[in-house]
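Two complexes, one shared chain (chain A), two partners (chain B, chain C).
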Partner chain A sequence: MSSATESIQAVKEWLLAKHPELDDLEPNLDLIENRVIDSLGFMDFVFFLESLVERELDVEAGSVDAFRTLRSIEEKIFQPD
Partner chain B sequence: MATESKAPGEADGIYQISGGLATFGPEMLAIREALEQRILAWAAEIGARPMLFPPLIRARDLSRFDYFLNFPHLAVVASRIRSEVLAERYAKGGDVDAIPPDDLSAGRYVLPSAACYNVYLHLEGAVLDAPCYITTVATCFRNENAYDELQRLWSFSMREIVCLGPAEAVKEHLRSFKERISSFAAEIGLSLGTQFATDPFYQPQSSTARMQKLFPQKEEFVYGGELAIASLNFHRNFFGERCNICMTDGAPVFSGCVAFGLERWFHALLDRYQHNPERVLEALAL
Partner chain C sequence: MAIPQEAVKQKPSRGISATLERITEMSVDTYYNPYKMFQWPESLPDDQWWMSRELMTVANTRFTEELNESQLKALSKWESIYFYSLNVHGIRELLVEVVARVQTPGYEEESEFFHHFIGEENEHMWFFAKFCWNYGKKIYPNRKLSFSIGETSPEIESFLVFSRILIFEEIVDFFNSRMGRDETLDPIIRQVNSIHHQDESRHIVFGREVVKKLHGYICEHESEDQVRAAEKYVKRYIVASIQSLYNPIVYKDAGIPEPYKMRTELLADPARRDVDRKTLRRTTDYMQKNGIIPKGDIFSELSN
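So, the complex of A and B:
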């Protein structure tokens, strides 16, 4: 399995490919609030993350703040322990 | 005349409702005016521009907001009778109970189901150097499976106060109105709860609906545990992007609106004050 750093780079590339208007994504940018991940793409994003971590992710109210920033994705999804 | 099945206000003759359509007399208009005065005073405090928009919205404009993806069931569509059938089928006289779909032109316009869509369309392409506040009221329409007195009408009035600007300004707008509405409710003796909610999506399991549940964008003031009479809505930068409304740095604006369902306020106030319009007016005048 790829390291957390490689995984987060893959996430960044996946998001930037969908947003050609963006040059870069800051680790602490709120991806939800700024609609880098929008309503239509959210579940695709979850599926993409699941393919990287090779497990099902908890997508329930109360646990979703993990999806908000690249930093929280790295810390809470790619390095959950 | 049987009045047992009617709501008290209707039985008292201060309003009539049929098929989700309400008719109001002078007592209810006085309540509406008093309520509107309070809301408009808040709008004036923040420098909101009062505006009135056309009562029809182009279907293609709503489509840009994913309206038909998310809310196709709500849309009340405006059309016209095709000119080819006017003389033969209509202008000769006779009763008309319904216009068959084959006689109608394509419905290119929709009656609004919320007041604020027109605000974003009006500001299309604007560049803002400071937060912008607009208030408007609209007669709104929503197809529903069932109608329920003043609580759920086919046609109703929605007053909104919209903020467009940086995210923090919009959040502050919503925070300040949460306080205003809470204080106002306490002042007039109305017991309201608050709850996070989602919009009435056609497909409650859609990605959009699911995301709204996970990341709440809508908080409601609820009377009697279930009737939402006002809501605070945070749209993030959705309308800013779709209508190309930007701040001077080029970033799409964020937006949020405070919405008041006026007839639902009537219901709550009448229910609270024993269906006595004079007592409602006394409470609103305090």
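So, the complex of A and C:
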């Protein structure tokens, strides 16, 4: 498995590739509020994250905050302990 | 309970046709008791096809040559359990929306049918869930989350809700109608699918009618920008729905190595795109013919 830093960089690149109108993503930018991720792209995004962490992620309404910013993804998904 | 007349005046009827009366009568005439109808076998053998081979997400790809028959049968089992799980979650979502609208101002004409629809969908959810628990010992979790798409009017919201319901039902029905008559499948698999197909045919007739009317209504009463944004969302929803069938967790359960790579490869495979276009054709043809989504390839311009 790659390091958390490499993984978060991969996430950033994946999201920017889907949003050519964006130059960069700040670590604390709310990805959901700013529609970088929306309902229709969410499942795809989760599968991408799972491919990086090589485990199934908990995806329920209560767990959405873990996916909200690059920082929360890094802390709660790539470094959960 | 009487509907406040003031509210009725504020939300005029959208003129749903006499089709409602016909399909409501059919619901009454063909009513069955699902709790007595099925003879559930104690178990189903793993060494069988659980899903029509041409409906599996690996059909028309190298995987059908490279995986052995035992692996493909395992995949057919877990893809079928996942398909019924998607039905369970999809039905829950549509029930919430229809229950929120039944016997409310603006849905006076539809409410009679809604009662049948709610009853039938509840029963479908029950038999799909029973199949999953009996033969897969699980229901795959719902991995779709719903975020707000911003400020929209109640009419646009209803257009999106009924479009989602219609798209879901049309895709599911494509599978049900084929598996319901596939002689290679176990009788209980055929029966679950054919019964669902029988009921969904009415729901699709209703869905098409209501989506067309709601689209006409928002075209007259909402700004062009709002309408175009709603149409774009519907088009993206169609694509997201068909792509949700490709699930790496299913591939993993079937014992296939590198399941995430497999999903990426399958989604990029032109042969799969052709299969998916055929699966969606009835839906996209109807929506494009009625101006509900723009003409052209459904897979074009996929980004947000």
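Following the convention adopted for this analysis, the second predicted complex is superposed on the first by the 81 of 81 C-alpha atoms of A that agree within 3 Å, B and C clash if a C-alpha of one lies under 4 Å from a C-alpha of the other, contacts with A are read in each partner's own complex, and residues count from 1 in each chain.
Just so it is clear, a residue touches a chain if its C-beta (ideal position, glycine included) is under 8 Å from a C-beta of that chain, and two chains touch if they have at least 3 such contacts.
All values derive from a computational prediction rather than experimental measurement.
In the superposition on chain A, the chain among chain B and chain C reaching more residues of chain A is C.
Of the two partner chains, chain B and chain C are each touched by A:Phe42. Looking at the shared chain after the overlay, A:Val64 reaches both chain B and chain C. With both structures placed on the common chain, the touch criterion links A:Asn34 to chain B but leaves chain C unconnected.
When the shared chain is aligned, chain C comes close enough to touch A:Glu56, but chain B does not. When both complexes are aligned on chain A by C-alpha atoms, chain A residues 32, 35, 38-43, 59-61, 64 touch chain B in the first and chain C in the second.
Residues 32-35, 38-43, 59-61, 64 of chain A are the ones that touch chain B when the two sit in their complex.
Taken together, the chain C residues at the contact with chain A in this complex read 141-147, 149, 233, 236-237, 240, 243-244, 248-249, 260-261, 263-264, 303-304.
Considering their complex, residues 66, 167, 207-208, 210-215, 236-238, 241 of chain B touch chain A.
Note for the complex: chain A touches chain C at residues 18-20, 32, 35-44, 46-47, 50-51, 56, 59-61, 64.
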